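Presented sequentially are two complexes of chain A, the first with chain B as partner and the second with chain C.
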Partner chain A sequence: MGVVRSAITTAEQQHRVYKAFDWIVIPIVVLVIIGAFHIHFMLTAGDWDFWIDWKDRRWWVTITPITLIFFPAALHYLFWQHFRLPFGATLCCAGLLAGEWVSRVVNFVGWAYYPLNMVVPAEIIPMALVLDSVLLISRSFLVTGVIGSMIWGLIFYPANWAIIAPYHVPVEYNGNMMSIADLMGYSYVRTGTPEYIRIIEEGTLRTFGESVVPVSAFFAGFISVFAYFIWVGIGKALAKTIWVKKL
Partner chain B sequence: MLNLKKTIAILVAAISIVVAVYAAPVMAHGEKSQAAYLRMRTLLWYDVEVSTTKLMVNDELVMTGKFYWFYDWPANIAKPEVAFLNIGIPGPVFVRKASYINGVSGVNSTRFDIGSTYEFKVVLKARRAARIHMHALMNVKKAGPLIGPGRWVEVTGDMADFSNEVTTLTGETIDLETYGLQNSIRWHVFWGVVAAAWLLYWLFQGPILIPRYKKVKLLGENADDMITSTQRTIGLVLLIGTVVVVTWSYYDTQAKYPITIPLQSGRTNIPPLPDTTLGVRAEVVDARYRVSGRALEFSVNVTNNTNSPIRLGEFTSANIRWMNPDVSTAEPADSHDPVATNGLKYEGGIVYPGETKLLKVTCTDAAWETHRLAKVVYDPDSRFGGLLFFFDNENKRSIVAIGGPLVPVFI
Partner chain C sequence: MGEPTEITDVDVSKGLVGAKRIAIIFFVVLATMVAWRVYQQVFAWEKGLDSFEAEFDVYWMNLLYTQWILEFTAAAVVWGYLIKTRDKDVFNITPQEELQRHFTLIAWLFAYVWIVYWAASFFAEQDASWHQVTVRDTDFTPSHIVLFYGVMPCYILAGVGSFLYARTRLPQFAKRLSIPFVIAVLGPFMILPNVGLNEWGHTFWFMEELFAAPIHWGFVVLGWTALALGGLFLQIIPRMVQLTQLEEELTEDMND
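So, the complex of A and B:
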């Protein structure tokens, strides 16, 4: 008889251990990702995502996809390269949204009493599903980066229009025409966020003034393509040095 | 076993980090925290009143007053090229129904002239029960909030009774408290379910981390073979399905809301009020702050170009009022309203029409210390400012801004 015997003797036991590993590691990874991604996103796109009267046709549409693609790209590398699992984007975007909902309900409504409809986060799941499914179909970072990231930027606004359109209905208020979103921003007093602080579309003398959204969305998609490759690279560097080797 | 303990420890740490990130922000208002010279030489508020201090949910409160943009604006502070009249309250205890500056709606941001006076009116509707110290407030772009006088206000009643109805230009009457919320939640739930299904599909492919990692390393170049054709088909269905649902929802929404406008970001221009001095001029000759006596002493050369004799009744600066009860009286509105009811004394008496006279004024009160105004002598710019209120026989006021270097007297 050997002196040292592994506790794992059967395939079934091994299966159980691997399963237990999944159930312990995956929640930790998800929590850490939610925390880190949330901090990153609030620091970059914070107010645009917080308030209904910041969700405009130019800045919000441009900034959200570009700043948002960092984590999905890094996780694509980690989960695809080492596990052939195509859910990195959906995992972190769904985690981020769950965290955002907690923050909106607890802080913005529970603590500061803003109405929940004023602080609903942007819808980002459809973009994540596209990025993941393109990776699965193409099995290529190159194709995902070029085609997936482009669609990622393009569908952000259409995917959110169903949520924000009701707030763009016009109202007459004290002799001004405002959108309902503007009116909510005015009604629900924000002492530290005055009207002028909003970074939103101001209109220009340029032509194509009508097609602000498509221009912004294409630009967002275009930059997202580059951002995707940069962050796949960073994911590569991080995955190599930190924890994958320890498995 | 050791590893399990470690795992739990990491899990607890991760959860605490997440909780800490979500911890609520602290609400505070810094009425006394700004440097004294800034409070004395930026925006000078006066005549600020609230229509009531005790009200029920759904009741209205009107705040009125005037503000003067000090002529000797500190060079390091941004001028009010873009500014917004606001209210300092901890979250929406009130909703703002209307605000006016010189009668013009204050919905948009605006610019103001240095050296000019404006009057304002803000109509608020009580939304939830709370006892708060509310302030008039001006946000100035690149400068920050300029805080006006505060009042304690108590709202009672139930927030559940509150409604905030408006009628849109498309003829629909809506309650801003809940408008569109169900629709937003429905979409978030729908996409959330799809995301969960996608993640669970992969999670239930058996144990995924260790076996798949080993297999990827084993297959090397051919690791892509781990993806079955069924899985690729599922991917294709997901891609097409997502794009179709997004496209459909976009056009469906366009059909439901054919009339929409972009967010409005216009600016207004508001002309100032006419000159408030009514022809009275005042120049500070010298000014001292007596540290031990908590008193500002200054001599001021006053020229009366009006048709009636005038007397000095009040000096105000940084939301503090020093009254000369022989001429004008005022009482503190509440426990936190700094009014020195007998704080102003002066030598020189009446200034007659056409006369120029040197007045020696003393403004004494503990507020110099309690409101941290005495710190002006330790500021990087030790100049003071404020408004003098002269009264004629019919109590008509001439309001004149004064200011200049301030020399401390320590002994």
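So, the complex of A and C:
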């Protein structure tokens, strides 16, 4: 087709076209991230995120950071490599939280009638801010992957501590010790979640009492490092501009 | 035919987004989704708990059949219209026309992702809440009917529509296939057929309702493909830069 002729003639028109493009592309990016990231997250770590009595010291702390880093890493590649925009992780996590909160309030509370403090989602913004900041400061996927992802895993539980601590106060209920969270799970009946499929820490003979959260968080950070690099690669693969004549 | 159209002096830069067009898409989709949600609120608890009752047939199975008829009709009409009215002289359009059509494509993509939000985020997680208040006695629960057979076909309609629009109206997409575009439309499309795997698994093994169960991971992998929209925009943007270049280097303060 040779040289492409321009559709405009003045700088003012160019400016207007660019602004128009910006204003329509932003909602598109936000909406697709909410949709795609939410379905990924709810079907990999959703059960721990839905219920206050699944937010334990071992599984929740391990699984959430690992599966949560997939999309932030992919968007780090797309946004940073192509546009030098340093907010891929924060956009992902804020979008996920927006989608979760709408659904929890309108569906879990408004339709299924669970109390909101039973179905409150995990807090994930602090991790995202750190991951983005490390990328912005280091300007390196390698440094972000190794250091940022480790911090990402380590600060997940502390970030949520203030929210879940009130539910870990013990109560004596019919002669048994339960946490408030356990009691809520016991009281508000879930037909699809009998007690035996609740995947939470139950203790082992090789566990040494107080070290559960630190060990889990450290392990989550370690696996997040690998997940980060894999997902930067997947982000790169999906951002490839391939054209073919026919399939 | 064959003669390149003359460049006119019309200023195409105004109203490119089509605020009215976007507003219509936004509110039509919103109204449809709210209607589904209100219907559920009113009839799920009253008529949707026991699928063996006659009223379940009336209120829920009839909704399902109505949706199927409407969706197949809409897909045939919309996709058929886009193909029937294709631009047969697509390589000879003016740059102005091409720029405007790019923004129409972007409006299609907006419709697509706006429905994807409702399907993949809102109604998908809603299904988790319904699984916790019933022990299902059918694959066609009030939440499944709306999610799998109502909302998901809607975004497939818009997604394939956007692909067909580009294929038939834009020179860049008419002469070759964009792989990221194919992935971004076909992957989420395959979420619907993946219901086959999902219901097969749930029907023959009682999986309880662990939402993170491996039987659900097919949806996850197909959801990832939406990230290919990034690749699509990386194909659209350079073309739009070409269409909006200026003869001489002019700089203008863009920070407002």
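By definition in this document, the second predicted complex is superposed on the first by the 232 of 247 C-alpha atoms of A that agree within 3 Å, B and C clash if a C-alpha of one lies under 4 Å from a C-alpha of the other, contacts with A are read in each partner's own complex, and residues count from 1 in each chain.
Just so it is clear, contacts are C-beta pairs under 8 Å (C-beta built on N, C-alpha and C of every residue); 3 or more make two chains touch, one makes a residue touch a chain.
Everything numeric here is computed off the predicted structure, so don't read it as measured data.
A.B. asks: On the A-aligned overlay, A:L78 touches which partner chain: chain B = first, chain C = second, or both, or neither?
C.D. replies: A:L78 sits against chain C, while chain B stays out of touch.
A.B. asks: Who does A:S179 touch here: chain B (first), chain C (second), both, or neither?
C.D. replies: In the superposed model, A:S179 contacts chain B only, not chain C.
A.B. asks: Is A:A45 in contact with chain B, with chain C, with both, or with neither (first, second, both, neither)?
C.D. replies: In the superposition, A:A45 contacts chain C only.
A.B. asks: Quick check for you: in the superposed arrangement, does A:T90 touch first (chain B), second (chain C), both or neither?
C.D. replies: In the superposition, A:T90 contacts chain B only.
A.B. asks: Is A:I163 touching anything from chain B or chain C once the two structures are fitted on A? First, second, both or neither.
C.D. replies: A:I163: touches chain B, not chain C.
A.B. asks: What's your read, chain B or chain C touching more residues of chain A?
C.D. replies: Ranking chain B and chain C by residues of chain A touched puts B first.
A.B. asks: Which partner does A:V102 contact after superposing on A: first (chain B), second (chain C), both, neither?
C.D. replies: both
A.B. asks: Common interface residues of chain A with chain B and chain C?
C.D. replies: 15, 18, 21, 24-25, 27-28, 31-32, 34-35, 38-39, 82, 99, 102-103, 106-107, 111-114, 190-192, 194, 197, 244, 247
A.B. asks: Where on chain A does chain C make contact in their complex?
C.D. replies: So the residues of chain A in touch with chain C come to 1, 4-18, 20-21, 23-25, 27-28, 31-32, 34-36, 38-40, 42-48, 50, 63, 70-71, 74-75, 78, 82, 99-100, 102-104, 106-108, 110-114, 190-194, 197, 199, 234-235, 238-247.
A.B. asks: Spell out the residues on chain A that touch chain B in their complex, using ranges where they run on.
C.D. replies: 15, 18-19, 21-22, 24-28, 31-32, 34-35, 38-39, 53, 55-57, 81-87, 90-91, 93-94, 97, 99, 101-103, 106-107, 111-117, 120-121, 123, 125-126, 128-130, 132-134, 136-137, 139, 151, 155, 158-159, 161-163, 165-184, 186-192, 194-198, 200-203, 212, 244, 247
A.B. asks: Where on chain C is chain A touching in the complex?
C.D. replies: Within the complex, chain C touches chain A at residues 7, 11-14, 16-17, 22, 37, 40-41, 44, 91, 94-96, 98-99, 103, 106-107, 109-110, 113-114, 116-117, 119-122, 124-126, 128-135, 171, 176-180, 182-183, 208-212, 216-217, 219-220, 223-231, 233-235, 239-240, 242-247, 250-252, 254.
A.B. asks: Could you pull out which chain B residues touch chain A in their complex?
C.D. replies: 7, 10-11, 14-15, 17-18, 21-22, 24-25, 27, 29, 82-84, 86-98, 105, 107-109, 124, 127-128, 137, 139, 141, 145, 159, 164, 166-170, 172, 174, 176-181, 183-185, 187-188, 191-192, 194-196, 198-199, 202-203, 206-213, 215-216, 223-224, 226-227, 231-232, 234-236, 238-239, 242-243, 245-247, 249-250, 252-254, 256-257, 259-265
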